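Some structures are shown below for you to check.
One chain, chain A, appears in both complexes that follow, with chain B as partner in the first and chain C in the second.
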Partner chain A sequence: MPYPTDPAGIAGLWISWLLMLMIYSYPLYKENPVYRFAEHTYIGLMLAIMLITTTITTTIRMVGPPLMQGKVWYVIPVILGFMMFFLLTPRYRWLSRYPIAILVGAGFGLGMRGVLIPNITKQVISTITPPAVGAGAVDWWNYIYIAIGTICAVMYFVLTWEHRGAMGYATRLGRWIIMIGLGAYFGNTVLFRMAMLSGRAQFFLQVLRIAPM
Partner chain B sequence: MAEVLRREVVYLITAIITILMFIEFFFIGTWNVAEELRTWATIIANISIALGAVRLLSEHAKNIQRRRAGVWPFSIWLWIIFLVTLLSGLAGYVIKQDAMTNPLYNWLFTWPYTSLGQTLYAITGFYIFSAAYRAFRARNIDAALLLIAGCFVILTNAPIGGVIWSGIPVIGRWFLDYGQVPGMRCFLIVAAFGMLAYGFRALLGRERGFYGEVAGE
Partner chain C sequence: MSEEELTFWEKLARIDRRVFYWILFIGLMIPFIRPIMFPISISPSTRDLYEGIKEMVEPGDVVVMNIAFGVSAWPECMPAFVSCAKLFIREGAKIIIWGSYYDVDLTYEELLRRAKEDFAKLKYGEDYVYLGYYPNMEASVAQLGSSIRSIFSTDKYGTPLDELPMMKNVDKATDIKLVVSGDTGDCCDYYIRQWRIPYGVPVAEIGIAMLGSSYMPFYKSGVLFGMSVGVRGGAELEKLIGEPGEATIRMGAINISHILVIIAVVLANIGYFASRGKRR
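The block that comes next holds the complex of A and B.
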């Protein structure tokens, strides 16, 4: 994004810069009124934007056209949605269970059928499928590592058998495999967060025109 | 009767909808009834998001009403910024069917909101160092493996890794492409079985926490 030239853009840029410093006063110093001001600004903005983009705009777009086509039963999910507000009244709280039942039913139905193929079948197939004909020793080593590693790591979560004897050795290896996986994952997380932070540091310098925008 | 309406009918609705989703997936492919129900669920979810907003705003209204020390001026500011953003967005939506067409809403979204969102997300960068220091201490074999894998991955993605030793990116790539695969695959499989078990409990009406019921109620 180029450096803004219009007054509204320049004001926006500097206000964003100030709000960023206000937020970072918390980790760099301690909780203070300046931080709270920026925090409450964000919450107020987020609530309004969330209501507009999700509740109002999306609902109208999803309900409006079917109603215009004469599908009057589309009033039912709107009524059910507003029934969620009965959560705020202790006496009629139980009425909010009906919309929750639909959300939970659809959520579990989609979730359960969604995990069967990608998370179980395909993972098992990928684990047991050997390398293609003519693969080198490295490919075979990786295949054996992944196959044995996955089996041992899954065994670590089998809690109906005591982890002793042969099972104990397998689950110990499984735990090491999990640690390697977590270490790589955590390394990626550290780098991602640092990249986010360096992006903000870059913004800090860009607003001051020390770094190019 | 009232008890049946409060409990059994609710569990039955959950079970029927879950089964309808299964029937569509295993026997039909795409089914209008299931599609309509998914649309209903999305509409309900969209409207219920407003519940969180209402709850939070009412708490801040109470802060103002009770003049809670050190808090109420910020609650007033929150209400002001909320109303300004909401009204400007609604004005844009009512006039041109797009909230972003309102210059004030567009400005609030482009500058303060985007910047604050990025800043708050990036704030974790300050804490990740202390978390990494605590996690990356080789107290036993488990922690040592975590440390080795983490360090190689970090040094592989950071340009300095290849400068220190050309083998670091090679080993780091192995950790990323193969080393972490069994661990992550195990999580996918185990989480899927957990999801299935939890789902079946909900289907049978044995998992009731999300209805607001507490144990022994």
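The block that comes next holds the complex of A and C.
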């Protein structure tokens, strides 16, 4: 966004800059009331924006126009949505179980719809398919490492056989493979946090007009 | 044990983490004051994303850009997302933009601002449309695949979809050439399950660095036709489209942060191993 020129825009920019520093006072100094205030303000504002956006989108944009066109069945999800609020009354709480059951059932059904091919079939085929003719040593290393790693990592979770002898070696290797995998995942997580922090460092400079906005 | 009795190595292992945070925060600012450029090589997943778009998209094809990242993830996802939008426009594609994050409007406006020169050549409603936010992710994504109008009867500004020229013959996943999803979570999973598998629509991912290891198996198995991972992916795409920008500069900050983390890990381990014998 460009550097604002209107008073409200400038005020908003500086307030967000101050709130950011208030939040960072926790890691850079220690927990303090200023940090708490900023944290609570952030959570409250975020929930308010989420609530308003979701309510407006579902009621006015998604349900409103079809209802106006006479598609009365669009009122069913609205009723089911309101039934959720019976969670708050012990006497009629049982009514809230119907929308929850529909939500869980629909979510599970939709999730299962396309999960087998990309998550199982394609992954198995990809794991056991050797590199093409003329592939380099790195490709072959990856192929062997992933194939053996997958088998050993899966064997680590086979609990019906005792992990002894040949099984013991394989599961120990599987445990190492899992640790390497989790390490890589954690490394990526740290990388993401660094990128976010660099975004804040850039914003810090932009508000002070040290870096271009 | 008092501070005076500690050896040099023990003191090294006990440096207050706040010292490191201050150094990190200040160190990350340097590239934004004085850009530090490093050579950037192109990874196969980013190259496939770029070449996939160039090969598959013909002028007039309709593509979807899904925004599933919030303002906080702009540093990671935005550069790659903007580069993809520029690429789509240069290939002559018509773009539908929607999103599953409640602050999607801000991201859309930022996308238009960052690719201002490219979007200035387009006409809203004929070359691109913005449909806004959809809640209840997977159910909505599934429904969008069978009928876009059952979720969005109008665009974000209240214009009925039938009145928008580019949306006249577009209503189902099969009318869409490909989907690019910018993610901080698992929204790309929904497009894989609800668009890629049932309808065969090619899907690509622009994810935060954390998602690199999660989606790599999908890319390797051909489920995703391409993938951009974090700032690095953004910098690679900027290089591929020939417009080095924010991600290229940010890579300097990322490199500094990595060097600092490596130094901290090495120092802490030296301190740990040097003082281990003493503890025994």
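Quick note on the criterion: the second predicted complex is superposed on the first by the 207 of 213 C-alpha atoms of A that agree within 3 Å, B and C clash if a C-alpha of one lies under 4 Å from a C-alpha of the other, contacts with A are read in each partner's own complex, and residues count from 1 in each chain.
By definition in this document, a contact is a pair of C-beta atoms (placed from the backbone, for glycine too) under 8 Å apart; a residue touches a chain by one contact, two chains touch by 3 or more.
In this text, all values refer to a predicted model and were calculated from it rather than measured experimentally.
With both structures placed on the common chain, the touch criterion links A:Ala184 to chain B and to chain C. In the superposed model, A:Val115 makes contact with both chain B and chain C. In the superposition on chain A, A:Gln202 makes contact with chain C only, not with chain B. When the two complexes are overlaid on their common chain A, residue A:Trp94 makes contact with chain B while staying clear of chain C. In the superposition on chain A, no contact is made by A:Ile10 with either chain B or chain C. Residue contacts after overlaying the shared chain place A:Met213 against neither chain B nor chain C.
The partner of chain A that touches more of its residues, comparing chain B with chain C, is B.
In the superposition on chain A, A:Ile125 makes contact with chain C only, not with chain B. With both structures placed on the common chain, the touch criterion links A:Val104 to chain B but leaves chain C unconnected. Touch criterion not met for A:Val75: it reaches neither chain B nor chain C.
In the superposition on chain A, the residues of chain A contacted by chain B and by chain C overlap at 24, 27-28, 49-50, 53-54, 57-58, 62, 106-107, 110-111, 113, 115, 123, 126, 181, 184-185, 188-191, 194, 196-197, 199. Touching chain B in their complex are the following residues of chain A: 8, 12-13, 15-17, 19-20, 23-24, 26-28, 33, 36-59, 62-63, 74, 76-78, 80-82, 84-85, 87-88, 93-94, 96-113, 115-116, 119-120, 123-124, 126-127, 142, 145-146, 148-150, 152-154, 156-157, 174-191, 193-194, 196-197, 199-200, 203. Note for the complex: chain A touches chain C at residues 1-2, 24, 27-29, 49-50, 53-54, 57-58, 61-62, 65-66, 106-107, 110-111, 113-115, 117-118, 122-123, 125-126, 181, 184-185, 188-192, 194-199, 201-202, 204-205, 210-211. Across the complex, chain A is touched by residues 5-6, 10-11, 13-22, 25-26, 37-51, 53-57, 74-75, 77-86, 89-90, 93, 99, 103, 105, 107-128, 132, 135, 141-143, 145-154, 157-158, 175-176, 178-193, 195-196, 198-200, 202-203, 210-212 of chain B. Listed in rising order, the residues of chain C touching chain A in the complex are 18, 21-22, 24-25, 28-29, 32-33, 72-76, 102-103, 110, 113, 132-135, 138-139, 142, 151-154, 192-194, 196-198, 208-214, 217-218, 220-223, 230-231, 250, 253-254, 257-258, 261.
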